[in-house]
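Note that chain A is present in both complexes that follow, paired respectively with chain B and with chain C.
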Partner chain A sequence: MLGGIYRRFTVKTAAIVDNAGKAIVVPTSEYDYKIRQAYRASARITAGMFGPLVSNMSKRGLFYAIPRAELKSKTFTKGFDLDRFDGLSLSSINRPFSRLIVSDQEKSSIERWCNPFALITDGTRNLNTFLYQMPVVKLSKSLLNLFHRSKLELSTPKYELFGIPGVTVFLDKNDEADAILEKLTGVPISLDGDGIVTSRQWRKQIKVMTTLNEELDLPETFKLQGAARSKGITIGSFEANRLLVKVADHILPVDVVMNTQGKRKNKAANMTAAGMRMRKFLGEVVDRIDTTNIEQLIALKEKYPVVRGTLVLDGEEIGEVVVGINKFYLDLTHNMTPRIAKPHISYIQAQQVFDVLDYPLLSRFEKRDVHEDLELHDKQLAAVESLTNRIALYRGEEL
Partner chain B sequence: MLVDFDALDGQIKSEHEEIKIRETARNLRGLKQLMGPVTCVWSDYVLEAAKIANLTENERKALLREMEADIRRAVKKDKSKCVYGAIVAFVALKQIDIADFAFTYASMLNLDLEELENQTERLRHAEKVLMSFFVVYRDRPEILSVLKKLAPVDQANTFQRLARRPISVIMESLNASKIRFRKLLGGDSDAWWYL
Partner chain C sequence: MMINSCPRFREKAEALSWLASAVPEFELTYRIFAEIVNGDQINGIPVFAQSIADQLSRVTELPLWFNNEIVRIPVNPRSLFWEVDTELDDILESELEIEIAPYYAATSLLNSVIDLNISSTFVCSSLDERSFKKTLAIYEEKLDQLQAGILKMAASEISEAYMISSVRARHVTINKNHRNIYAPAQQLGDLLVSDSSIRHMIVIDGDYAYCLHADGVEKILSKLGLSVPNIVECGRGRLLYMLENIDFNKDTLISHVFRHPIIGYVAIGTTKPAEIYGIGVPADVSAKLDGDDDGDIIDLVPSIVVKNKVMEFVTTTLN
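Let's look at the complex of A and B:
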């Protein structure tokens, strides 16, 4: 690969300052900051497919990045009211109000364009940084066809924002689902950790484009998000012809298996919307969605209940599931090589390490089976051992 | 059963009733705003005063527990529970960014913030912090009785930025904290570890 996956786009900046007890947004330039380098880092956004869209919106004064740099002066008297902006949809969830987008609704137009049910979705569940992290992708003809035949119609703009479509099966997080995944993938994996399982054929239909127009295959492990932050890492793959789903009179190969999102308040964004796309794909007439009309959104949930289908694994019917055509965004910014930055108790590598070192803390927790593929490299083991020694030294204990 | 349809349908039907986007945005913004000032009033003033005060081990534990609980409330996404330190930081340290929260919490405690500001106007920083704590904890006698035993001390910068320091420096600093906590709780006991 010679080209990069992401490019840098310059955007306008602003600062949120206090003016007589009221927060106002003041557009800024690099001369307003004490350290210009810090300003420049924030004013340039690394983005993929939707970078030009964000850059264009910023040129029109609809999108601002908030640099972390310190201002020379905080005595601004004129600015926009902070309530005119949506500070959550496109900011990092860990740094709310770091990116502002002008919005007359509680969630911005881009968020509603991506997730038509945004106004009845939890405030913390947004597109967030996936807007920038989505690389430029080239889809196969059949996937493009699937998107265009199933895309939801909106009042404005005419259709929902592009995303990678996939026939998705939603399962509850339970032992029965885990047993199916184990049978399907041959690996003891679980939907508990919000992982996502995809078919190999679906992955092959998605090519990532570099800045030099090279076509790359998707890596084995990557981050995937449905609507409203229903995100997960791909934890396994299967042959598409092994897992099918019967919906009405149709039998479709399953592209993606994910969980039903537990108690998260993003179910309409995922399951109702995916169900509506499935209905449209199967020839049913589906209502046009006014993304600003909350009453209509609530009524749509009643009108279009989740689509049920029968899951078929290796020719055997195994139960009723929620099915739909979900829309996905990719994130290839993460380094997926195994490492332990913070040994969390439920990480399988941490369990292995603690087993080897006979770390007493773990005796209180149930031990799970460990798959051979997940065994740690000797170097990593040595690093963790040294870390554990330090902890022991610090506590004044002996290992 | 692969999917509990009854539960799922119920959740989909009712999930919009609990969604308050503006409030969520305000809370998330507050998450960052409250964290610093609230930690500051507790660690830089109260903790320092507690070190030299004549308190029993149980009183010290009660104070540390309340300090931790209040800081935890400040960093939670759900901002509905009263953060006492937020009121103190607003009044004593003039943290106007958190005015919204301070006024909301003051009304929860039935407290007149302007009056408190006027009363503490001429005091020194450390005295302001302690006085404000006395007022906000007036309905919590178990904490108030401990706070009343404290004397105002100069501010100490308890938490220094360690992110870019070498690991040896961080270890030294942790060891120093350990010793400080031991002194704070009295004796050489490891009680601090089990707080």
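Let's look at the complex of A and C:
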């Protein structure tokens, strides 16, 4: 592979500053910051499939990145009212308001195009950084067909935002579900940790495109997310023909197994939406969704209860499950491959833990002789000290 | 008082080039500094190619110029740069089979020294008393930061002196009814017979606990409720033989799991190799480790083998 998975896009930046007790958003340039490099890191984003969309929205003044860098001046008097922006949907979960998108609703348009039920989804459950991390993917014809036949119709734009579709079985977190997974994968994995299990055939139908149009297979382990931050890593895989689901008169191979998304407010985003897609895929007419109409969204939840099907494992019917066509976004920015490494004992405070427990495990490990290094640091400190003293003299002479 | 011992520069690289000509003894070092500040940056950190890293590998002293005087900071070249190894690069290399040319970043020590040399030219070229005072105060602050950085390095030398290897993988939750930690078979097998494991592993066979050195063995075993009357120090060959011949159907391997990077809890449990993508920890113990399956990294260090005895337990240091 010669190309990269992610590309760089330029976005506009802004700062959130206080103006007479009111927070305002002021568009900025690199000259407004004390350290320009920190500005550049925020203005040049690394993104995949949705990079052009974000960049284009930014050009039109609808999207701003907020650099972490310190401003030279904080005395701005003109700017946009912060209330005009959604600062949560697309920001990092660890740094709210790191990205602002113009929105007249509580959640931004992109968030609602991705998750039509966004306005009745838990306020903290958003697409977040997956908008950047989703690589450019090429789907097999059958997956593409699945997406187009099941995609939900919206009032604006006409259809929901693209995501990778998968016939998904939602299982409650319990021993019964874990027993199914153990039989399916050969390892006693559990849905308790919100991991996701996929079929190998589904994975093979998704190719990641590089910037030079090369097609790459997905790795064994990767992170994926449905709507409402229902994210997890792939904790196991299975042969598609072993796990099927009977819905109405159809028998479908299962692509993805995930848990039933515990919080009630997230169920609509995943299970109602997935159920509506399944209904549409099976030929039922489903309503067009006005993503800004909360009353309609609540009514849709009632109108389209979750779809249930019969799960078939190795030819044997094993019970009724919730099923749907869920939509996923990928994150390939992390290396998920197990490897041999050096654990950072100082980070994990293991020394203190073992000291408290009087458990001398660390005495078993060989320790590098650090005397020479420490002596070197002493010499370095002495050199710096001598310069500090000399500088003090300059200050003294000046006084 | 003003010094006026150097010209005023607009660019950092200009200042460093002038220093290269003004201090012939450190000409090469200042030229390297100039190349670094003129080079690429990733997230605000200067990065450079192998050729500069090779030149830095031969540097044993760094200069700090101030008003035509030089203070020499002795350094270990290892502490000047590090190979940037992003997770994305890893995935491109290992899973997608492409090669990425290595690139390097300056450590905070090197960055700090470069910055101080540039700052000193600002102080020494001040045009008026006010800017002299201001630049001198900034320079002193930066010197303090360098000093703090060196102290921090000394502290981390001490705490990171342990020579430990682990299987590092993502956290995978397994059913709480299974009382084992599951580890990727290939990596666990490789680690078990590695030099670093042989140094600390304890192999219990009947009434005998074999190990390379006996430090802490008695206490560890008693804390785990393993009563072994005889602790025998033996050679690497014998330990290696025993580790190479673990039968996971008859023998028990006990490991320690560390959650990376903040939480201090440690899980201890019997360990099985498995065709698993991460390190599997029972759900009840996962909750105490604060790990779920959204990409958390954990480290597993194998520690004890009990021959011809099958045990199953997983616990945490919270218990």
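The rule we apply is simple: the second predicted complex is superposed on the first by the 335 of 399 C-alpha atoms of A that agree within 3 Å, B and C clash if a C-alpha of one lies under 4 Å from a C-alpha of the other, contacts with A are read in each partner's own complex, and residues count from 1 in each chain.
The criterion applied here is as follows: a residue touches a chain if its C-beta (ideal position, glycine included) is under 8 Å from a C-beta of that chain, and two chains touch if they have at least 3 such contacts.
Computed from a prediction, not measured in an experiment: that's the story for all the values here.
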I'd like to know which partner A:I35 touches here: chain B for first, chain C for second, both or neither.
second
Between chain B (first) and chain C (second), which does A:R390 come into contact with in this model arrangement: first, second, both, or neither?
both
Is A:V187 contacted by the first partner chain B, the second partner chain C, both or neither?
second
With the two complexes superposed on chain A, say which partner A:G236 touches: chain B (first), chain C (second), both, or neither.
second
Just to be sure I read the superposition right, which of the two partners does A:D122 touch: chain B = first, chain C = second, or both, or neither?
first
Of the partners chain B and chain C, which touch A:K223 in the superposed model: first, second, both, neither?
second
Compare chain B and chain C by how many residues of chain A each one touches, and report the one with more.
C
Looking at chain A, which of its residues have contacts with both chain B and chain C?
390, 394-395
In the complex with chain C, residue positions of chain A that touch it
1-2, 4-6, 35, 37-38, 40-41, 175, 178-179, 182, 186-196, 216, 219-221, 223, 231-236, 332-354, 357-370, 373-374, 376-377, 379-381, 383-388, 390-391, 394-395, 397-398
What does chain A use to touch chain B in their complex?
18, 21, 23, 86-88, 93, 95-97, 106-107, 119-124, 170-172, 174, 176-177, 180, 260, 263, 265, 267-268, 271-272, 294, 297-298, 301-302, 305-306, 308, 311, 318-322, 390, 394-395
Across the complex, what residues on chain B touch chain A?
1-5, 8-9, 11-13, 15-16, 18-25, 28-29, 31-32, 77, 96-97, 99, 171, 174-175, 178, 193
Quick check on the complex: what are the chain C residues that touch chain A?
1, 3, 41-44, 64, 66-67, 69, 71-76, 87-88, 90-92, 94-98, 132-133, 136, 139-140, 143-144, 146-147, 150-151, 153-154, 156-178, 182-184, 187, 190-191, 194, 196, 199-200, 202, 213, 215-217, 219-220, 223, 256, 258-266, 274-280, 283, 286, 291-295, 299, 301, 303, 317
